[in-house]
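Each chain gets a letter, A, B, C, D and E, in the order it is written, and its residues are counted from 1.
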Amino acid sequence: MTSEIQTKTSFLHDPSNPNLRFLEEVSAHTAGVSRLEMCIQCGTCGGSCPPAADMDHTPRMLFAMIRAGFREEALSSNTPWICVSCYHCVVRCPQGVHIADVMYTLKSMAIRAKLYQDSTAPDFSRSFVDNIEKYGRSYEFGLATRHYLKHFPLRLPGMAPMGFGMLTKQRMDIMPHKIDNIDQLQAILERAKEVEGLS
Amino acid sequence: MNDKYLYYPGCSMESSAKAYSESLAAICEPIGLHLEEINDWNCCGATEYIGISLTPAYSLITRNLALASLQADGTRTVVAPCSACYLNLAKADYYMQERPILGENVNTALAAGGLHYDPGSLFIRHLLDVIINDIGLDKVKSKVVRPLTGLRVAPYLGCMVPRPDYEHRWSNPEYPNELDRLLKTLGAEVIDFPLKTHCCGGHMTQIGPNTAFELIRRLVSSADQYRAEVMVTLGPMCQMNIDAYQGEMNRHFHTDYRMPIIFFTQLMGLAFGLNAKQLGFGRELVGTREMLQRIGVEAPEPIEAVPAHKPRMKEGLPMPRMPGDEEVN
Amino acid sequence: MTEQDQFEPVIIGFTCNWCSYRAADLAGTARVKYPPNVRLIRLMCSGRLDPTFVMKALASGADGVLITGCHPGECHYIEQNYKALRRYQLLKRVFAQLGIEPQRVKLVWASAAEGVKLAHEITTMVEEVRALGPLHWGASNGREVHDHLPTEDMELPEEAEVMA
Amino acid sequence: MTGPFDSASKSPERIGVYVCHCGTNIAGVVDVAEVRDWTEKRLKGRGVIIARDYKFMCSSLGQEMIEKDIQKLGLTRVVVAACSPHLHEQTFRNACQRGGLNPYLSELVSIREQVSWVHTDKHAATDKAKAVVSGGVERVIKNEPLEPLRVPINEATLVVGGGIAGIQAALEIADAGFPVYLVEREPSIGGHMAQFDKTFPTLDCAACILTPRMVSAGTHRHITLMTWSEVENVSGYVGNFTVTIRKRARYVNTELCTGCGICQEKCPKKVIDQIYEAGMGYRKAVYTPFPQAVPRYPVIDKPNCTYFSKGTCKACEKFCPTNAIDFNQQDELITVQVGNIILATGYDLFNARRIPHYGYGRLANVYTNLEFERLSNAAGPTNGEIVLRDGKTKPKSVGIIHCVGSRDRNYNNYCSAICCMQSLKFAHLVHERTGATVYNFYIDIRTTAKAYDEFYQRVLEEGTLFVRGRVAEVTDAARKPEEEGRLIIQVEDTLAGKQRRIPVDMVILSAGLEPRKDAKETAKLFGISCSADGWYIEKHPKLDPVATMTEGIFIAGCNTGPKDIPNTVSQGAAAAARVLGRIQQKEIFIEPVRASVNQDKCSGCRICNNLCPFNAISFIEDRKVTEINAALCQGCGTCVAACPAGAISGTVFSNEQVLSQIDGLLMLNLEYMKEAPELVAV
Amino acid sequence: MNANGTKPKFAMYWAAGCGGCEIAVLNIGEKILDVDANFDVVFWPVAMDAKYKDVEALDDGAITLCLLNGSIRNSENEAIAKLLRRKSKILVAFGSCANEGCIPGLANLSSAQEIFETAYNTISTDNPQHIRPQPSYFVPEGELHIPEFYPIVKTLDQIVPVDYHMPGCPPESHQIAAVIDLVIKALHGEAQLPPPGSVIGAGDSTVCDECQRTRNVKAIKQFVRIQDVRTDPTMCLLEQGVPCNGPATRSGCAALCPQAGAQCIGCYGPAEGVIDYGARLISAYASVIDAKEPAEIDRVLDGLPDPAGQFYRFNLARSLLRAARSAWIKS
């Protein structure tokens, strides 16, 4: 509690510092209280991260970059896109930083700043969300097929048996479900986007 | 006190995790679990929406809670069987309290649909939590007619149920014992699976298969080292990744693992003496025949392709006609 | 308190000699800024706080009262701050019946190390009370209570003596 | 039925007010001259006959100014507006005393910490300063002349805890020729230090330096040693405590026992020693924890003794050459009178099981630091052989993990202070005894005391590998063949910026230090205060680190927070010095902040009777009135505030003083209500 | 009987109050004859016919002893209080109303408007045109005046200086008798009157002093309402959870209520030197509640449904805050 107040007061009172402005921006766009400013660079996150090997930077490095105000570098890092949301880092972090949620924040900021390198993940999220916004439900079949065709056409033959299996075992529906009150949902999402300043 | 639970199935329960919902439906009656589905619930956005936006994503999730509170009358508990759904609902509820501004924004959005949700007014819990802590293992034990004696199972919870565990509902975020205790109650031989809460790759199977395959390999090989005959899980995504992508993973690493993975509700059903088909057996891609035989259960006929849905192309999968497909074909 | 037009609340703060008063000292040594509207009184312990003090302050023209003490379990007199807590909770109920807004009387725990927290709490409270406006507790009554306080006319005789 | 004081009257006092500039500390923000003039003009009616301002009131010149005025102008009250009373209250009280005025007829009000340092608007700050001064003036009028309380000191001292801190304190006092009761819960004194092998950074053997101290403590003519004993009740007050101690039955007659040890050889019952051997070794049901134990005679561990559980055996009794075994012994309650008490109750180790992903309790070859101390101890279960749990295999590689349960808001926020050096010590020992590759996993290396960093350098030279990164997990789940059957430490090497998986044979967890499980109960028993997590709170963390809020009770060693041996020892000595100081004074002076009952007004309603944690309040049955023992009273004032009849009053913080101060503080505010323009525009 | 052969003059007046004090005086039995024997009763509306103008006609200070009961609710009360002050040597604030507002003082919890609403506009009142009392009203015969209703009930000494305070609702008859004795003795120079401003006809300590019930240390787990429980007649009521005001209430009534099995409700007001009666009880009760968690504490406090009524039933007008905010705010 106190630490929150202290850190908040300490840097909220210093608008002059551009580095902190980026840190604040990230915190502001994070769902919970990010506590990013509390990071002591111990590396628990990087050590815990299952796919760390595939990341440009370990989460810890990313946080250092954020604090240093390296906007471009941080937002174009593939790290948030590799994050599998396993929350190992979150529960182990000795400083209680909401790491996983910061990763989500960085993704959305990267998309807005068009700074991501590989479009695979953003596209996947995008089309996933398109479905939701259209039907109110996810639509694995349409999603998987389109997505694979676009990004891993060469894998498709390999994947075919699995996809086929999923179909024949009736674990994928050809047609999407739609919720009854889709208008209500869409209205809500519209308003939400206004609040967010997206539309 | 109202003993019903508000039930949020989540999309997968109707598609990739049919076996989960079928088996759940089958065991509800014996253990006296009353689930009332939330009317017109919508997708929770999985891990995708929150990676694109904040308020819209949380509004999407919270619509379900708002609908739930309309149905609440007396009960305050929302049950989700799917890990990702459970976490998203819990998360929204928690963060709307931790960051009041988020709460305000979300409710501003919900207002557009004539809805409102007071964060903290509902308890969001996972199915397993409810079965262990409300129904109780004694009740479960009393229903066991076919103990799974000798069956070596690897309890696999995945990430999003025990972590981050905002409300401290689980014995431990890394080595929770709830699932182990349940499976032991069913008479199974439970291995001390070190990776019980490690990651299956989540959506990486879609966007970074190589990353995902490595994570799947770790789990499957470790379970194999411990001579588990089956992995038992409680999350559709985990089940799907390890089951559906196991073949692909084998191809990738030139390995030949055949580690079946099923839902804990399916095992409960078996122990309760229900028949395998009714429990959704046969829907898995990595067969469970051997495992079933170990406990003397007749494996159901593998589910056959539905003619109507025969693929039109020779290879690859049929493309549904959807707007914005121009660039692909 | 320069502009008459902008209302500047006056808040009397009661502090515990061991925690919150030291917290105030710490805020000072750390040069943490907070509005000058609060005037602190040192007690040995929040347990010394007699509800009479709070009523007296409000009746005598204060717009709010801030009660502070050691965190529960950290009282330097073992557990006296729990008594303060209980008196506070009962007092609040009486004040509610007397139409005193809850924001005007607050209880805050602040350890000797929490100078920043204390400053923060003071700042928040001053703003809240400012928003509520003056308490004006029976202005007439206020005068009576303060009759002994020096006014120009009270000084006159002294002057007279001097002159004579 | 008017207010607490006759509000119409003018104060008869002759008051002097002194406003300090404190250089520019105050004068930079507060218009000091303005405050002075205002005070002199507006508060004349309240008896202020002189107001002065001065650069540094605390300087000798400033103090003389006050002394002179008291003598020349016959001041009856003094108000100084300067810094916090916690800084200079005593200074100005002394000045008044020298001037011939009772010191308690002065007030120091803070216009620095509470005005000039925290406000920026000079005008507002000046106005507030006026209010603060007028508050002080109103208050001082109600001050009463007081004398500090005198309490005679009993020469005996109770020391609780026979670790190195307690031993040190006891010896210091006893050597000065005063009696000491040294109470220890375990069968032998020695504490944690007795379990260690080497001590950092000098690496001298713990036993070699500790044992002599233990022996002299055990044999000192002024020290009454009570082991296997616990304090059960404490009453009384500084200078005069009455303490009841439970001396648990040893079932060994210490008069007859020679400590030959035959009983231990003959005893058929082996028990895992959870305390001294940290679960790594065995002892008998009749035992002394270790060979150099003081006192040397054993205890019978009743729950584990075959005779007590089955009714037969008595092997010890049969073979005892001096018939010292006595199965009929009972616990004894011993009452002692002491003047001061020193608590040296030590610490507990953080339970590493709480971090399951470090594998302790699940993975055989994960050790805690205490386990390793025993493992490496020449007198330990393996005679100092550093081996895996199988008891024979020497490790080829060892990982030492720092900050286990420390610096972690999931467990303990604080740094356990000793782990860095301890881990370095382990690294050295492992290297020296096994030649194994040693990894140290750390967040920061904190080697701040004398010769500590030099030791770090030495360990670096020995080739210990340092990985900067907090270990994420210790697992046996192998991914590669070379990981099979080993413990894999997964960590981010933060300096390389890469995740690493390092296979080792043995892992040592440097578990942090925690308050004793029963620290809170102990604090309650002795009436001292204790932070939420259980560390004891010093009277002042910097200026009075071994004293507590409760007069006559001192604290030393790890019960106030993690400490290394040098600090622990110096605290033991410091506490002893404080006690000796007290004893030499023969009597002590206590701030006269006390409550008292006006028994004519007391109706014996007994509301106040259980409000006092120091048991100062007692009810006189026959006269049906309550009385307060001034020596026990600590002056918190809770009973004063609680008395429904207004029959209890408290000195220094009386109702009259506080209520008048409120009037004073609010005066400015009232002036505004009356819209006195000459005050508004400054 | 003084020098010029006339008896000292006695007056008694009934301001805003229930009249119980008047009855209490009459209740002193044959002592009342002493009053008549020693005093010339010049003004006592209850006992005799007299006009305000007769009083005005007297010289200032002509009345030796004046017992004034009732609080100051309206302009008439105030006018007469000032008049009698002027005419009296010894003015005694007689009874709880005059001293601390008593039950009428509870009106200070509401604004004048709210009070009128209750008085002139409830289901039980038939007042279709919402008529309110008018201070002055014109009729063919001329202008009628009724006293002005003040927003706040005041105690006597908030209006005029008072020589003695005699608490109680009403004051105990034996105490009255004693006081009258004393005054008479004093008149004959056989006794000394206590210093002005002091409380007469009561003790200095509190009700517990005179209460015969056994008292122990207190740890209150819950408050109960006396009608809901069977209390132990020998034990302190407060210890049994019954909110008894005895500990804070001035002695003098011989613990009448507790002895009769009911809790003290505080009619004798605060003990000597106490500034705010309610504050004493708030502090005392809260101190002995046996709970540490805010929620738990609230649970216990819920046992006191009307704290202000509990602690200020007789004392509101004399308390530090004196009235609710709504009553202070001038409309």
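The criterion applied here is as follows: contacts are C-beta pairs under 8 Å (C-beta built on N, C-alpha and C of every residue); 3 or more make two chains touch, one makes a residue touch a chain.
Everything quoted here is computed from the prediction, not taken from an experiment.
Shared contacts of subunit C and subunit E, meaning chains that touch the two of them, come down to D. Looking at which of C-D and A-B shares more C-beta pairs in contact, the answer is the pair A-B. Subunit D and subunit E have CA centres that are 54 Å apart. With centres set at the average Cα position, the gap from subunit A to subunit E is 72 Å. With centres set at the average Cα position, the gap from subunit B to subunit D is 51 Å.
Centre to centre, using the average C-alpha position, subunit A and subunit D are separated by 47 Å. Subunit D has residues 3, 357, 473, 611, 638, 641-642, 655, 659 in contact with two or more other chains.
Within subunit E, contacts with two or more other chains are made by residues 275, 280, 283, 287. Shared interface positions of subunit C, defined as residues touching 2 or more other chains, are 50-52, 56, 79, 83, 87.
By the touch criterion stated above, subunit D contacts subunit A in their complex at residues 357, 403, 407-410, 443, 468-473, 490-494, 497-499.
Against subunit B, the residues of subunit D that register as touching in their complex are 356-357, 362, 473, 475-479. Across the interface of their complex, subunit C is touched by residues 3, 5-10, 42-46, 84-86, 110, 112-115, 117-121, 123-125, 127-128, 131-132, 135, 524, 527, 529-532, 537, 549, 593, 611, 613-614, 634-638, 640-642, 650, 652-653, 655, 658-659, 661-663, 665-670, 672-676, 680 of subunit D. In the complex of the two chains, the subunit E residues touching subunit C come out as 109, 152, 158, 275-276, 278-280, 282-283, 285-287, 289, 291-292, 294, 297-298, 301, 304, 306-308, 311-312, 319-326, 328-329.
Looking at the complex, you find that subunit C touches subunit E at residues 50-52, 55-56, 58-59, 72, 79, 82-83, 85-87, 89-91, 93-94, 97-100, 135-138, 141, 144.
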